[in-house]
Structures are given as C-alpha cells and as structure tokens.
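Two complexes come next, and they have one chain in common, chain A, joined by chain B in the first and chain C in the second.
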Partner chain A sequence: MIIITILEFLLIAIFAMALGLLFMGIARKVVARTQKRIGPPFYQPYLDVLKLFGKDAITHGFIFDFGAIMAFGGMIATLFFVPIGSIYLYSMSGTLLLVIYLMAIAYLGMAMATVGSGNPLASVGISRALTQMLGYEMPFIVVLLTLIYSSGSSSIVGIMQAQQGGFMNWNLINVPLGTLVAFIALLGLMGKKPFDAPIAPSEIASGPVVEHGGKYLGLLMLQHAVSIVVKTALFVNLFFGGASNILFFLLKMLLVWLLATLIGSVFPRFKVEEGVLFYWKWPLIGALIQAVIIIF
Partner chain B sequence: MSLSQIIIIPIIISIFTYLISKKFKTAGSLINIILSGYILYTITNIYGKWDILSQSLNINIMGNNFNFILNNSPLAWLLGIMTVGSVFLISIFSVSSQKNINNAASFSFLFSILMGSILGVVFAGDLMTLFIFWELMTWSSFFLISSGKKEGAKKASYRYLILSTIGAYLMITSIFIIYSQINTLEFTQVANYLQSIPALNSIILIIMMGIPFLIKTGVFPVHVWVNGAHSNAPKEFSPFLSGMMLKIGTYGLMLLLYLVPLYNILDTSIKFRGLPIFNYILALFGGITIITGTILAIRQEDVKKLVAFSSISQMGYIVMALAITTPLGFTGGLLHLMNHMIFKTTIFLTMAAVIYRTNTTKMSEMGGLIFRMPVTFAAYLTAIIALAGIPPTNGFISKWVIYQALIQKGYIFLSVAAFFGSIGSFMYVFKPLSTVFLGQLKPIHKDIKEVPFLMQIPMYILMALMVLFGVLPGIQMNIINQIARYLNIETVQSTLYTITGAYGAWNSLIIFNVFVGGFLLALIIFVFAKKSELVGLMDTYTSGEYMDDPEAYHYAYKYYRPFDRIFDSFAAKSLTRAYDTFARNITKLGNLLGKTIVTGNGQSYAFYMILLMVILAFAGWMV
Partner chain C sequence: MKEKYKSSKWQEVINWAQKRSLFMLHYCTGCGAIELPPTMTSRYDMSRFGIGPAATPRQADILLITGYLSTKTLRRVVYTYEQMQDPKFVMGFGSCTINGGMYWDSYNTIKQLDKYLPVDLYIAGCMPRPEAILEGFLDLKEKIENGEAKGYKKYKEEYEYYKTNQKKVLGEVKRRQ
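Moving on, here comes the complex of A and B:
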C-alpha cells in the first residue's frame, strides 16, 4: 500500500516536471515567433536541465543548499493538492487556501537561498518579489474567497465539481469579472512580462537566481517547471471547470499558458510600486465588485 | 495549593528575590525559575477542577460588603498556564543574559510580582478582584518598561501609564455604578444585570469596561503605546510584554463578549450579515489594526519596533476573530492567541539573543549572523514560518480557522484585511531574516559566538511546541472545546489532527506527510547530483566591480523602499504625534490657567475662598 503511494507520488512528480519543462520549451518557441526569431527547439529545457545537473557548481554555505531544497520540496508538496485532470493523490477538503500558503514555502526557500548567497542584487530581487506578491495576492484572494463562498467548498476538487455539466456552468461564465482579475493576478503569480520586476534581467542581473549555477539552477528550473503546472492547473480547475479527461485538461492548461505567454511577450515592464498600485486599483476593484455581486 | 496561594506566593517571594539578587545577580532569575516551575506544576495539577476550587473573602468597608472571589475556569486555567510557562522560559533565558545588567534585581522582583498579578487577573471571579490585580499588573509592568536602557524608555512607559490610567478610571467608574445597583460584582450576576437593564445603558457600561481591555490589547486607535513600550523595554521583558501582556487585554474582551452575551443585549439592534453592529465595528477595528500594524512594521529599521508592530497586527486577528462570536471565530481567536504567544515569544527571544551579542537593535548594523548563531537562526526561522502562517507549523492552522469563520459569514472586507496582514507578514518577517541573519557578516561581528546554552533551551522548547501544535492541533482544540462548553458556545468538531471548518476540514497529518515527501525528493535529487564547491559570501557576481568591503556590500537599509514609497504620506500622519500634539495643547492650556489663577498674590487666594463659600452657601440654599 505504502509502496503504491510512493510510486504514485514519484510518477506525478516526474510527470509534472516533464510537463512543465515542455511548457517552458513551447513558451520559448512562441516568444521567439512573436519576435520573428526561429527560437530553440521545444525540447531545449530538457537539455538545459540535464546539462545543469552535470555541471560543477559553487555554494555559499548551508542555507544556500537548504533553501534550494526547500524551494523544490515545497513546490512538489503543493503539486499533490492540485488535481490534474482526474489525477490527484490527496483530495482533502479545504485545499484551496492551503495551496496558496504551501506555495509560500517554496518562495521562502528560494528567498532564503538567494539572499543567503550574499549578493545584494539577489536581495533587491527578493524585496521586489515580496512587494509585488502583496500586490497580486490581494485581488486574487478576494476572487478565491468569492469562489469558495459561491460553490460552498474550500477544496479545489469541490469547486471543480460545482462547475460540472457543460460550458455554461464554468466559473468563466458565472464569475466573468473574477476570472479576468484572476488571470491578471496569474500573470503576476508567474512573473510574466508586465510584472517581471523581481527578475528584471537588464537591471538586477536576473535578481534572485544571480548566484545560482549547476545543480542549484537545475533545481530552481525544475521548481519553476512544477510551479507552471501547479498555477495553470489551479486556474483551469477554478475557472475552466477542470476536466475528467486528462487530454482535455492538458489542452486547457496549454491554452492558459499560451495566453499568458503571448501577453507577456508584448508588454514592457512595470516599475515595482507601479505594479502593486495597478493591482490595488482595477483588479482589486473588479474583484470586490464581483464579490459583492456574488455574496449580497 | 489553593488559588489564593498561587497568586500571593509570587508576590511575597518577590521581596526576598529582590534582596537576594541585590547581592548575587543571577540569583533572581534562578529563584524565578524555581518559583514559576513550582507554580507551573501546581497549575497543571488543578486542570479539570473547574469551579470546585473557588474561594471567597468577605470584607466590610464602611458598611459596604465586598466579596472577593477567586475561581478556576478553563479559560482562566489556559491563560494562567501560558503566563507561568512564559515566565518560566524567559527566566531560564535571563539567567545568562542578565549577568551584566545593573538592574537585574529589580527586573526579577517586578517580574515575579507581575506573574502573581496576572494570575490574579485571570483567576478573579468578580470585577473588584480583577480590578485590583489589573492595577498591580499595570504598575509592575510600567516599572519594568521604564527600566529599559534606551533613551525613549521613560517617554514610552509614560505613554503606557497614561493610557492605562484613563482605562482604569473608566473601569472603576463602571464597576461602582454596577455595584451601587446590585451590591455584588460576581461575574455571572453582573452579566445578568447587564442583560436586564435597557440596551443603551448596558452598552455604555460595556464600552467603559472594554476600553481598558482594548488599550491593553493594543487595538487601533489606542495602539500607540505598544511600539514604544516593546522597543524600549528590557530585551528580556519584550517577549513577555508581547507574548502574554497583550493577551490579558484579550482575556478581558473575551469576558465581555462571551460571559456577558452581547448577542442577547444587542439582539434588537442593527445587524450586519447577522452580526450586531457593535460586534462588527469591533471586528472592523481589528481589521484596521491588522492593516496599520502591517504597513508600519514593513517600514521599520529597528528590529524590536518591527516585531512590536507585527504584534499589533497579529492582535488585530485575535480581536477580529473573537468579535465575530461564531464557534469558528471563537476557536480561531483562541487558537491564534495561543499560537501568537508561542511564536512571538520565540521571535522576541531570538532578537534578545541577537541584541545580547551585537548590542544594537538597528537591522542595518547587523548581517550574516547565521553562521555564527545557527540555533538562534533556526528558532527565528521556525517562528516566522509560523507567524506568516505557512504549514506545517501552528500559525497556519489558527489563520485557516479564522479565514473559515470570515468566509462562512461572507465578510469580504474583513477578509481583505486579514489577507493583507498575512501576505504583508511575509514581507516584514523576511526583513530581519535577510538583514540580520543572511547577507554579509560585518567585520566587527567576526568573533561573535552562539549564545550560552541556557539561552538556547527556551528556543528549543518553543521550536518543538510550534511544530507539535502544527501537526497535532487537537491538543489545543481539547482545551478550547472545554472553554467553549464552559461558556455555553457550540464547539467545533475536531480530532487529534483534524479540524472541521465551515467549508471543509483540515488534516494536518496529510500535509505533514506530503511536505516530508516533497522535501525528501528534493533532498535525494540534491544529494545525488554532483557535489558543489564552497566559496565565501564575498565571492559573488558583481558585474565586474571589485568589492572588498562587506559592510557596503550588504543590502539592508530601507529594504522595501518601493513599497514604503506608496505609504509615505500615510505613515506621515502619525496617530502618536496627533496624541502628543493634543497633550501639548492641554499642557499649554494648563499653563495658561495656572498663570491667571495661581497669581502668588494672597489677596486673590482669599478671594477664591470667599467665592467658594458663596457658591457652597448658594448651593445649600438651592437644595
């Protein structure tokens, strides 16, 4: 019994990593095409990860190691609470808020590792990332609370099941304003273009990951891959009605990811406080209006 | 041991503590360890003996019969054991940390009195006993705060004292009004009385009684004393001040909200989504407290001030949850009360350890202490994970229950405040982590060592508690459910590791398993990959610049400047300054009156006397 659980655990983790890397490859290709480049092949991220794990690496002390492990471990732990199609290990109720906070473990680990490197550029990046987090989480959480209230369940599976029975029952139709707000928040959550001040390669040398190389960068890349899967799957579950068929589910995920990538490839970057203020203006107002409509 | 002995013994022993520790500096803390350890043992023994240990003392003062009552209830027991427990841990900590402090004797003396008086407050069975020990608590804590080394200590403690005095006047007035009506001050009879009189009258009395509690809790707009008092108090007292003293205010609020069921009084008043408007306003004040505390905490450059503001914001959660008065709100508030005590004591203790070694509270003057003080770092890390409400620690569970309570009722604006405080707490707890423990080590701190083992013991204990309650919240839920039954509130379903909320249940065992699984997977990947080479912290990518000064290469000052810029105008409107201006104007007015009335001329004083006589005669004639 326990062996089966462990096997399932490993299979889901490997599947998510592979899927996330595939998405990253597709995104690179798509961005290249929008900029009239040919771009790398879609399997490039796989090669990158393999290469990184084979390379020599430097470390800046135990917190640098511990943070990288915590970042990856936290993200993997989050993955098991987000259903991908009909695949989920734990369908515990009350998972929605949990997922938001479990993701924070990964962020905290990453933040510790990067600041632990002693490079001020990394600290600047983290300070920006946390500031921006306060920006996008506010409207996002209001939308989530609205969803919990309207579907009477705080588990992701529960919200997914509340939308069953065709296109018209999706939250995309029922809470349109909320979906739009959540999508804008998703851009910030994934660090896509108008909101990529935390990594800003041209200002702070990729910020948080400036000191990472070799297996550390490999781990963070895998973590990023899993986080893409977690976030897009979360969005599909919450607003696109999920899917019992894994293929449909993957298609919906790809659709969300492509949309986010395309928007990200054409916008310039917000200054960090502008980004926060933007989130607290239109998206938050939109989310509140949606909440008031649903609750009252 | 009877309840009265539990309260009186620390107060009596404190005198001997003072005399002995005048001679031997560490003796005071040692006596406090033994004393609090013994009382801890006694209080554990009276668990479950609710109401049967009740004691009363009848005193006749000028024909008025005062009945002083002590009673053991689950709520009192919980706060009592928390108080004694934190005194015990802090005393262990202070043995080493107070070795070189001049006023160690008075610290131990006052600390012992404070413990006795808080036990008196929580075990009190009538308002008069509560008031007497409340005042003893205020005064002993006032002297403790003012014994701080810093320059601001005097001013901060006066601010605390003045606010407390205002509260005390209001409280004693309301007590006498009630006493003149029913000739008793026993809690349940007072509660019955308040329900029998017209709603408006009882609300006025409740507000008068509630203001001192709100002041001690540090709720907006009477939070102004909290940050000064916490940052200026002796470093060993700040953990207790934040961890325990603020909770005593909450205890009073709980008495008002649950023992005197406000529901019955306010049943006919205006309601907002099923909650009487009075409760909703209180919850709203809790929400404002969360937001204010968070924004101001993020701005601070002084580590103790930062943690003090974070205490303000966390107390906002407790007040908000308790004010909702649903079973979930009550449970969430009490859970957060316990958890906040645990993690905030830890944070202040670790900061005391850092201050003990570096002799500074400015975050920009520290850095890179992780390799020098790993145990302190581990304790701080666990505590901030709990404070930020990240599983698998205790902080997440209490926040989860509070969110459930908020969503259940659909209080969207309160939820926004709660989440703002939660996400904002990532920002302010990460600041000390990054600037004090991580980053570049200052050359002057090169020879710093970890704190002595005695100072590490409380950190180990608290760390274990945070993880234990994070995995097995049922231990806490057991006592909370007993309190709920005692106060006739519905209980929340729970087992050892599950809690059932309004929308779904919480199972901490699964979360712990998954977390361990994820962590192991990452560890395996990490270990089997190529071994890495260790390099120094100065050996980093600098865009080609040559850096040789670690001090200049540490990003610490104004860590969240872009964020602070948004709130610059907000922070400029300081409420403290507004109160200060008000006080200055009062002083001016007093001076003005003094100049015109106190002339120093004998004739004018004679005139006042005649005027008074005329007025008295006139009044007598009128009556």
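Moving on, here comes the complex of A and C:
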C-alpha cells in the first residue's frame, strides 16, 4: 500500500516535470514566432536539462545546496496539493490557502541559496522577487477569498466541484473581474514579462540564479518547469472549472500558458516598484469591486 | 579523476545533448561584437541551432572572445573562463584573436589568444559576418560530437604553460574574492 502511494507521488512529480519542460519549449517556439524567428525545437528544454546535468557543478557551501533543494522540494510539495484533471491526492478543506503558503517556500529556498552564494546581483534579484510577491499576493488573496465565499469551500477540489455542470458555471463567467485580476497576478507569479524584474537578464544577470551553474541550474530549471505546471493548473482549477478528463485539462492549461506567453512576448518590463504600485492600484481595486459584487 | 566514473556511453549521451544545447557568453570588448545582435535576432536567429545567450559565466558553455583584448581585459577574461563549469569551450572571433589583426604592433593588446586560453575554434575575418559565425558554431558542434573540443582538459594539463604566459603580460595574478 505504502509503495503504491510513493509510486503515485513519484509519477505525478515526473509527469509535472516533463509537462513543464514541454510547456517551456512551446513557449520558446511561440515567442520566437512572434519575433519572426524560427526558434529552437520544442524539445529544446529537455536537451538543456540533460546537458546541464552532465556538466560539472560548483557549490558555495551547505546553505547554497540546501537552498536549491528547498526551492525544488517546496515546489514539488505544492504540486501534490493541486489537482491535475481528476487526479488529486488531497481534498481536505484549506488546501487553497496551504498552496499559497507552500508556494512561498520555493522563494525562500531561492533566498537561502542566494545568501549562500553571496553574490550581490543575486540578492538584488531575490529582494525584487519578494517585493513583487508583496504586490501580486494582495489582489490575488482578495480574489481567492471571494472564491471561497462564493463556492463555500476552501479546498481546491471543492471549488472545482462547485463549478461543475457546464460552461455557465465556471468562475470565468461568474467572477469575470476576479478572473482578470487573478490572471494579472498569475503573470507576476510566473515571472512573465511585464513583471520579470526579479530575473532581468540584461540588468542583474538573471538575478537569483546568477551563481547557479551546471547541475544546480538543471535542478532550478526543473523547479521552474514544475512551478509552471502548478500555477497554470491552479488557475485552471479555480477559474476554468477544472476538468474530469486529463486531456481537456491539459488543453486548458496550455491555453492559459499560451495567453500568458503571448502577453509576455510583447511587453517590456516594469521596474519593481512600478510593478508593486500597479498591483496595488488597478488589480486591487478590481478585486475589491468583485468581492463587493459577490458578497452583496 | 572524473573520467573513471563516467562510462563512455553516458559520455556520448551527454555529448549528444551538449552539442544541441549551447549557452554562449559573449565577451564583447572588441568591435566585432556588433555582428552578434544580428546573429541572435530575427535575421539569422541562431537559437534554431539550440544556441542561446547565457547571462553569467557559471551558466555558460561557450566563451566567445569578440576581437582584440587589451592586457587589462585579459585578466577579466581569465577570471571569467575559470569561473565557467566544465565542458567549456573558447571561441576566438576575428583576426585580432588569431595574430593581432590590425593591432599587431599595439603595446597594450595581446596578439595570440591561444597562448593564454585554450581556444577550440577560430572564426577568421575582420569582422566575420553572421554567416561565418553560424558556420563556426556548426563546426564547433561537430567537434563536440566527435569529442575533439578538449580545450578545457588541455587547460588543466598544461596549466603551467598558460599561467606563465599569463603572468608574463599581467604580472602576478592576484585573486581576491
């Protein structure tokens, strides 16, 4: 019995990694096409990861290693609470809030790795990331509380089930303004273009990962892949009604991811303080209006 | 020491992946650097060969030296090279790295890059056009596939030679972290 459970966990983790890398490849292709390039093949991220794991790696001490593993582990732990299609491991109440907390662990892991490496650019990057988190979490949490109120459940599975019975029951239709706000927050969550100040490659040399080479970078690429899956899956579950069929679910995830990628490929980036200000202005107002509409 | 643990089959797989995914760090001090933006962007698009820019030396596979190096920048290039992770490759770009080019009698540039760093491949020309650069990359890929791009091993084996050459132009290399 316990072995089957462990296998389940392992399978889900591997599946999410593979899927995330595929999504990254598709995104690179899409961005290339919008810039009138041909772009790398869609399986490029798999090759990148394989190559990175074949390279040497240099460590900067225990905290550095621990931080990288904590970032990876935090993301994997989050994954287990997010249903993918009809596959879910936990359905108790409160998973939605738990997921929000767990997602921060990955960032804290990155912060630890940053401290371990001692690189100033990395500290700038991670402080930007945490500042930006302050920005997008505020409107996002307001929308989530609205959802919890409207569907009367604080578990992701519960919210998903509350939307069952066709297109008209989706939160996309019932909570349109909230969906928009959450999507803008999602861009920040995934570090997509208007809000990618934390990793700005041309100014702070890819920010938190500046000292990660070889195998560490491979690990963090996998972490990024899993985080893409977690975040898009969360969004699909909350606003697109989830799906009972895994194929439909993947299709919806791809839709969300492509939309975010397309938006990311045409926008320049906000400065970090501008990003936070932006989040605290329009999305927050939108989220509050939505909350008032839903409650009264 | 590492060689013992890597079976040759595994190494082949790694080489296969390495060939198709190269992160490039371009050290743009020379004038030839101006040919890199067209190579990277829509017109010539090198990402279709799996080559992309890397942000830092730690993440990079290729160190691209785009032209003349003054003795002052040589020191930074050596630091950069030593920060990179193995398998790493150096490409000399433009005639300045081969024989000094039009700076052949300058008092403060180095003339021959491979006295100081193990160069795997040169791209001749002043300056080489994007087509030539892509051709160079394809050649490098072939070398990696055949296991001929061994500059990083050579650097370790003949460390003394490179260090004495470096010291000759730089004076004692002091490292401060």
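What we mean here is this: the second predicted complex is superposed on the first by the 296 of 296 C-alpha atoms of A that agree within 3 Å, B and C clash if a C-alpha of one lies under 4 Å from a C-alpha of the other, contacts with A are read in each partner's own complex, and residues count from 1 in each chain.
Rule of thumb we're sticking to: a contact is a pair of C-beta atoms (placed from the backbone, for glycine too) under 8 Å apart; a residue touches a chain by one contact, two chains touch by 3 or more.
None of the values given here were measured: they were computed from a predicted structure.
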item: Which of chain B and chain C A:108 touches, first, second, both or neither; value: first
item: Partner chain(s) touched by A:98 [first = chain B, second = chain C, both, neither]; value: first
item: Chain B versus chain C as contact partner of A:183, first or second or both or neither; value: neither
item: Which partner reaches more residues of chain A (counting touched residues only), chain B or chain C; value: B
item: First (chain B), second (chain C), both or neither touched by A:37; value: second
item: Chain B versus chain C as contact partner of A:240, first or second or both or neither; value: neither
item: Chain B versus chain C as contact partner of A:210, first or second or both or neither; value: both
item: Chain B versus chain C as contact partner of A:47, first or second or both or neither; value: second
item: Partner chain in contact with A:58 - chain B first, chain C second, else both or neither; value: both
item: Touched partner set for A:77, first chain B, second chain C, both or neither; value: first
item: Overlap of chain C and chain B interfaces on chain A (superposed complexes); value: 54-58, 205, 210-211, 214
item: Touching residues on chain A, where the partner in the complex is chain B; value: 6, 9-10, 13, 53-61, 63, 65, 68-81, 89-90, 92-95, 97-98, 101-102, 104-105, 107-108, 111-112, 115-121, 123-124, 126-128, 130-131, 133-134, 137-138, 141-142, 145-146, 148-149, 152-155, 158, 205, 210-211, 214-216, 218-219, 222, 271-273, 276-277, 288, 291-292, 295
item: Residue ranges of chain B touching chain A (in the complex, touch as defined); value: 368, 370-371, 381, 385, 388-391, 396, 400, 403-404, 406-407, 410, 412, 415-416, 419-420, 423-424, 426-427, 430, 433-434, 438-440, 501, 503-507, 510-511, 514-515, 517-523, 525-526, 529-530, 532-543, 553-555, 559-560, 562-563, 565-566
item: Complex contacts: residues of chain C adjacent to chain A; value: 2, 13-14, 17-18, 20-21, 41-42, 45, 47-48, 50, 52-53, 55-59, 61, 84-87
item: Residue ranges of chain A in contact with chain C within the complex; value: 28, 32, 35-41, 44, 47-48, 50-51, 54-58, 201, 205-206, 209-214, 217
